[in-house]
Each structure stands twice: as C-alpha cells, then as structure tokens.
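Both complexes below contain subunit A, partnered by subunit B and then by subunit C.
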Partner chain A sequence: MLLGIETLLLILVLILAVVSLWIRDLMSSVVVFGAYSFLMCLIWTGMGAVDVAFTEAAVGAGVSTVFFVAVLFNTTRRIQFNPLDLSAKIFSAILCIGTGYLLMLGLSDLPSWGDPQALVNTNVSKYYIESAYKQTKVPNLVTAVLADYRAFDTMFETCVVFIAVLGIFMLLKKDGREPLKETSAKANDNLIIRVASRFMVPFIQLFGLYVVAHGHYSPGGGFQGGVILGASLILVAMAFNIEFVKQLLSIKRMLLLAVIGVIIFAGWGLVPVFLGQSFLDYSAWAALLPGTGEIMARSHSMLAVEIGVAITVMCGMYGIYMSLVSDGRFDKGL
Partner chain B sequence: MILKFNYVIMIILMMLGLWAMIAKKNIIKKLIGMAIFQTGIILFYISMGAKSGSNIPILDYYDRYKPIDAAQYANPLTQILMLTAIVVGVATLGLGLTLARKIYDDYKTFNEDEILQEIKNEHD
Partner chain C sequence: MINIFTWASILLIVLMLMLVYRIIVGPTVIDRIVAVNVIGTKSIVLIVLMGIIFDRLAMFVDIAIGYGLLNFIASLAAAKYFKKHHRIDSKNITATEHTAKGATNGH
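Right after this comes the complex of A and B.
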C-alpha cells in the first residue's frame, strides 16, 4: 500500500519533527509541533483509523498545544545560547543511530504495509470484526472493542488520567505558604474574543455531547467527547478569566466529578458480579434494564461507561489546564 | 525496503525523539522529543493494522446483516490500543509540564546545564 499521498505526508511529518526540534524559540517550536500532530491525524485518516485521527486532532493538535502555551506564557519562551557542546550531542547521535540500525535489521520480520493476511490482522482482530455486530449491535467496531471486549484496558486508562490529574494537583498545590500575588481578576478586555467565544461555547458543548452519545454509529466516544467538552471550558477560561469559569465548575466540584466518572465505569462493571457473572460482563445487565435482551444490554452499557470516561476526561483536561496556567493558585489565567 | 517505508519513517521518528530526550538541553524540548517518540510508536501500531483497499472499521448499514469479510475493514484492535494511549499520553505530558514548571519556579530556567550549576552551588 504505497499510496503517494501518504508517503508524501510521512516525509512532511519527518521534516516538521526536525524543524520543531531545531527552532531556537520555544513558542514557535510548540506551534510547529501542533502542525506535526495535525499532519499525523491526516495520515491516520488515510490508514482507516478515523477514531484515532479524531482523538489526535482533539488531543495532540488541540489540548496539548494549549498546555505547552499555558506553561510557556508564564515562564519564558527563550532558549539560552549554549557554547557548542558537541561531544555529548555526537555521543547521543551515535547511540541513536546504532539503536536505529538494530531496529532496521528487524524490518525484514515485519509484515509489509497493508497486508490483510498479516499476523496482527488475522487471529483475534478477525474475530472482533466478524462477531462484534452480532454480539453487541454496535456498528462502530472501535467503540465495541474499546468499551466492551477490552473494557478492562479502558477502565485503567481512565484511572491513569485521573491519577495524572491528582499528581499535578499535589505537585502544584500552594498551601498558603507563599503570599498571593496581585491578582488580575478583571475580565479579558478583548471584546471580539469574548463575544465570539460566548457564541461558540454552547455549540462546542453540544457537539461534545453528540460525540459521546453517537460513538456507537460514528467516530467518537467518551475520550474524544470528553476532550471536546474540556476544551470548551478551557476556551471560557481563556476568553474570560479563571474566576468566571470557577463559578461554572469549581475546583472541588471538578475533582469530585472526576472521581464520579471513574466510579460510574467501575460500578457499572461491578454490578454483574452481584448478578453472578464476571466483572464487566455487561450481558448480565439485561436482568436490570427493562426491555433489553443480552445484546442490547451490552450496547446500552457501552453508552454508560463512555459517559463515565467522558466525565473523567473532561475534568482531567480542565483541571490540568487550570493548574498549569495559574501555577496551582487558581487566581489568574492567560 | 521500499514496501516498508512506513516502518523506516517510524524508526527515524523514534530515534529523533530519543536523540532529543538525551541531547537537548532545554526541558521543554525534551518533552517535545518524548511526544515525537510516542507518535512514532502510534505510527507503528496504526500502520500495522492498515489493510490496503480496506474501509474504516465502521459497518455500513447494508453490510451489517451479511457475512463480514474481515479483510474489508481496517484492524480495530490496534486502533483502540493507540486511542487510549494518546489520551494517557496527554495526561503524562501534563505531568511532565508540571515538573518543568516546578523546576522553573525554583531555578528560573529551563536549561539543564544552568540547573545543574545551581544545584552544585547550593551544595558548596
């Protein structure tokens, strides 16, 4: 599958990666890295991975660039000029080229690009493709595998997001030792940004809810929808100020919601244990949900756990942004 | 070699990220290198799951009740592994940025050499 457009995109991506590491200004470097992520998302669309492309567009190109900017805005974008320390650079270059050479030797064992009969594409993946719709009535196979067949994986990934937020809170928390700086609590005085974001935010949130709820039939699901919902809150925090967005969703309530999201997922999986089935075996929910057979119970359960994932991811993105931009004080933003 | 162009790009991207993590002096550049390394791994998984001439892994309305040929749809398994990896990646990136911010608060620089110098001065 040597498609011209994808080969071209791969070369472009490589150039952008080099440029992003080369530029001697951190802000430009971060922006080039955002462009790199966006090209990556085009490549994944070309390879048929639409859900991954959606996630990358929301997370890699969107939110992670915002995180970088939030840190650089309050610190420095300058890179100090170093006297040329070539020995360390050449040593690490030799190390990396050596590792790369060893990896290249393994190339002959890998399946060729786009081979449907390759080992990855046959055994369990073939089973998922052939039987996922029969067993769950979910046409989007990625959602079916994500929320049902491999729900254990997804549950602990959600926990990792929650733990990362907790870690960031612990690291940046200021327990009143340092005096509060002069707060710039007045609203952002850029009228165009305020009015435009006031119009945009409801539509962004509606789209986020659609992505969460329609993940069964189209690309999307809890992770993507949660990131979009979190991004809408970040937009409010940027266009107005942190005091305003804290009235909408306070920090305590945000942490509580993140816990609730994990509990929804784990609790929904725990109920089948009390009904005599194994953990996360959704078909047991048929006894509790009225009017559903075992198949539809699995389909509805997926929506429930996706909602849990979306709540945790939304609060996670919001919390990480708020901590980074205000250095743990939650008093002023960009 | 030319048929495995995607893996070649993957290896180059990963080594670029590794080199940046070792050789770059600026902490933020190191974090960008880490993210590039991560996208290299994601590229590896996704391009292994790609099938030439296949569709996206969402069943068409008319195909749902027919027997399904697995070769017609891209591999959903590698995709979900990477989907969750991206979201976890941004959470760990946030943690890394937090550590960078803490270091900046203490030493007023992102430069590795100057941080080491400051630590040495504190000990003396």
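Right after this comes the complex of A and C.
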C-alpha cells in the first residue's frame, strides 16, 4: 500500500544526492542536503521507524544545515579546483568504484526488508516484543531497548557526543582576543526576527522538555529532545547575538553541563554496582527509590538516563554551533 | 486499501517532484532555499497523512510538530549568511563552468 510512496521518495532522494555532488556552489549543496534530509525523514516515517524519523527531523531541520552554513560563513562557498593529473583521476575512480562494489557486495547478504524469517526478527526482536513491556512497563519498545537493554551502547554514544564537542572546541579555540574587523553594529537589528524568536523560543523549549520526558510513550527521548533544546539556543544566538546568548549559557558552563550529563548517565548506572548488581542494572534502584518495585525502578531510571543524554546533547549542539560560527573566538557570529 | 489519504500523499509527492526540479534548475541559491522550505512544509502534512494511513496518528504528530517548530531555523541561518556576505550569484555555477571562479569571491 505504501510501496508506491516509498518508491517515489527513493527516486527523489537519489536525484538529490546526485544533484548535491553536481552543483559547484557549496551553499546550494548545503541547501540540497536539507531537502535530502527531509525526504530521508519521510522514508523512515513510511517504514514506521518513528524514532529514527524524529531524530532525522530534529537534526536535519534544526542543526545540521545550520552547522554547514556556519562553516561556510567562516570559509568560502567556492570549490577551489585542484587540477589533478590523469593518473590521479584514474586512481581515485578505481578506488571509488571498488569501494562501491564492495559495499554492494555486502548489501546482497542483508536480509530483505521486513523478512519474518531473518535472524534478527526471530530471536532478538521476539524477546524484546514479548518481555520489554512486562519487565519495564514502557510501551515504546525503542526507548526500552535504547535506555535499558542496550544502555551500555547509549552511554558510549553520549560520550561520543561529548568528545565531538570537546574536539571541535579545542581545535577551533583561539587564545588571542584580537577583535574582528567586520562591522556588527547593524548586524542584529532585525526587529521581526527578534520578536518572532522571542515568541517561538519558549514553545520550542517546552516541546523539547516534553520530548525528553515523554519518550516512554511516544517517539523521542533524550537525544531528540536535546537537539531541539540546543536548536532553541542556536535560534537565540542567531536572532540576537553571541554576547547575549553567552549570558544565558556561558562557554565554561556549557562544557561543565556536558560533563554533568555524561556523569548523570554513568553515575546512575554505577550505583547498582555498589548494591551488589551489575553495571547499569536499574532494578537495583528499587531499594533506593521509595515506593517502587523493580519494574517501575527500571522505568524511572530510563527517564533519569534520558535527562543526562538530553543535557549533554543540548550543550553539545550549542557548543559546536558557537565554535563553528565564531571560528573559536566566541565573540561574533551570524 | 488505497483510500483518499494515500492518494493525497502521492499527490503531495508529485508536487515535491516539481520542487525538486526547482532545486536542480533554480538560477540562484535563494530559489533553492525557498524550494527546500516548501518541501519542509509539505513534509509536515505528509507525516500526518502517513500517521493516518498507519492508523497511529499519536506517534507521528510529534514529528510534525518538531518540523513545524524547527523548519525555519536553517532558512534563517542562510538568510543571515547572505546579509553578512552581501552577494547572491545570479548565475548558476554548474559543473560545466570550470573557470577560475574562486578568484572572484569577495568577503
């Protein structure tokens, strides 16, 4: 029934992927990638993978295009043509075709989409579908798998976000305080953008908090909510200026909060170790949280862990944007 | 079970095809930004329509709200970029123009 829609969308995605390579203006390429992201979100929605689609929606619409624009703002839109000699061109062509061939070879071994006989669908998924709600009382299985059964993976994903922001911050950070030559007196005088942002930001942040807290019942969770909260801070930084948003959340505090988010996740998983259980075994929290059994302890622990993820991701998105847009000086931006 | 919602979704995607044409051809970057923004607006409706087709609207409407709230941020970033750089090319820079365009970049 949905097959016609998906085929059409896949054709559009392919066209856009080729176009983004073909266009020689990097700004246009970034814009085409925005459209690509919208269509990928629709394809995942059509497959019923709402959590993945939500991540793509939040990242694609909220931050990734903005990051690209921030990079182009400090570099250039033009591709500098590097005339390669013929042998280098032939070598890179062989390399690309060879890698593509190997990837296609690996693709042929994957089970076909939705195959009920595939190994993944017979053993692992069956266990989660049958026991996840009984063991955790969380209706959204994706959240249960992500934050409880596979919490170890999610913890390291949070660490990866933290390392990413730390890496970009340390690479771009400038010690000298030399002022930029650009005139910024007229830069942020747009009344419409300021008023509209002042109106929108509270709703975006409220929605972000809802997504973090409601991940048990609907698509969403710490990562998506964190991206939405981070996008609201980026919007403030664009509508007003960097000095204003630094008063709300300074760079030092941003890094501190990113650390705290990781510590919340890891610390919450470490407590059961002292109670005689294994790492990240939330059921041990039943002894500490009053009035909860082992099942509800796991459910509540997921919320605590998601809050840690949200704090890290929010500070991560904000920190990456601030580093990229001001070229590590944290004084002027878009 | 092809009902009116499926047909509406297919119609929206056919309309998206026209916008993809604008993205490919679009003489300036601004044309492309507007086209992508319209694709985003259509995506919001399409996600809700898919929710109705799957008969689980509550799971899908959050994504649509997320798009509705965040859709304009990328366009705002692009707009501010052009305000600072004061330069929108009227010519489409394509693969066929391998001339030294890099030298004319002024900022």
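FYI, the second predicted complex is superposed on the first by the 289 of 334 C-alpha atoms of A that agree within 3 Å, B and C clash if a C-alpha of one lies under 4 Å from a C-alpha of the other, contacts with A are read in each partner's own complex, and residues count from 1 in each chain.
Here is the rule we use: a residue touches a chain if its C-beta (ideal position, glycine included) is under 8 Å from a C-beta of that chain, and two chains touch if they have at least 3 such contacts.
Since we're looking at a predicted model, the values are computed, not measured.
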First (subunit B), second (subunit C), both or neither touched by A:V50: both
Subunit B versus subunit C as contact partner of A:Q80, first or second or both or neither: both
Which of subunit B and subunit C A:W113 touches, first, second, both or neither: first
Which of subunit B and subunit C A:V165 touches, first, second, both or neither: first
Partner chain in contact with A:S218 - subunit B first, subunit C second, else both or neither: both
Touched partner set for A:L72, first subunit B, second subunit C, both or neither: both
Subunit B versus subunit C as contact partner of A:L8, first or second or both or neither: second
In the superposition, subunit B vs subunit C on subunit A residues touched: B
Which of subunit B and subunit C A:Y133 touches, first, second, both or neither: first
On subunit A, positions contacted by subunit B and by subunit C: 1-2, 48, 50, 63, 72, 76, 79-80, 218-219
Partner subunit B, residues of subunit A touching it in the complex: 1-2, 6-7, 10-11, 13-14, 17-18, 20-21, 26, 29-30, 33, 36-37, 40, 43-44, 47-52, 55-56, 59-60, 63-64, 67-68, 71-72, 74-76, 79-80, 82, 85, 88-89, 92-93, 95-97, 99-100, 103-104, 107, 110-118, 120-122, 124-126, 128-130, 132-133, 139-142, 144-146, 150, 153-154, 157, 160-161, 164-165, 167-168, 171-172, 217-219, 223, 227, 313, 316-317, 320, 323-324, 327
Subunit A-facing residues of subunit B, complex: 1-9, 11-20, 22-26, 28-29, 31-33, 35-36, 39, 42-43, 46-59, 61, 64, 67-68, 70-71, 73-84, 86-95, 97-102, 104-105, 109-111, 113-114
Complex contacts: residues of subunit C adjacent to subunit A: 1-2, 6, 9-10, 13-14, 16-17, 19-20, 23-24, 26, 29, 32-33, 35-36, 39-40, 43, 46-47, 50, 53-54, 58-60, 62-63, 65-67, 69-71, 73-74, 76-78, 80-81, 83-85, 89, 92-95, 97-98, 100-102, 105, 107
Contact set on subunit A toward subunit C in their complex: 1-2, 4-5, 8-9, 12, 15-16, 19, 22-25, 27-28, 31-32, 34-35, 38-39, 41-42, 45-46, 48, 50, 53-54, 57-58, 61-63, 65-66, 69-70, 72-73, 76-81, 182, 187, 193, 200, 203-204, 207, 211, 218-220, 224, 228, 231, 234-235, 238-239, 334
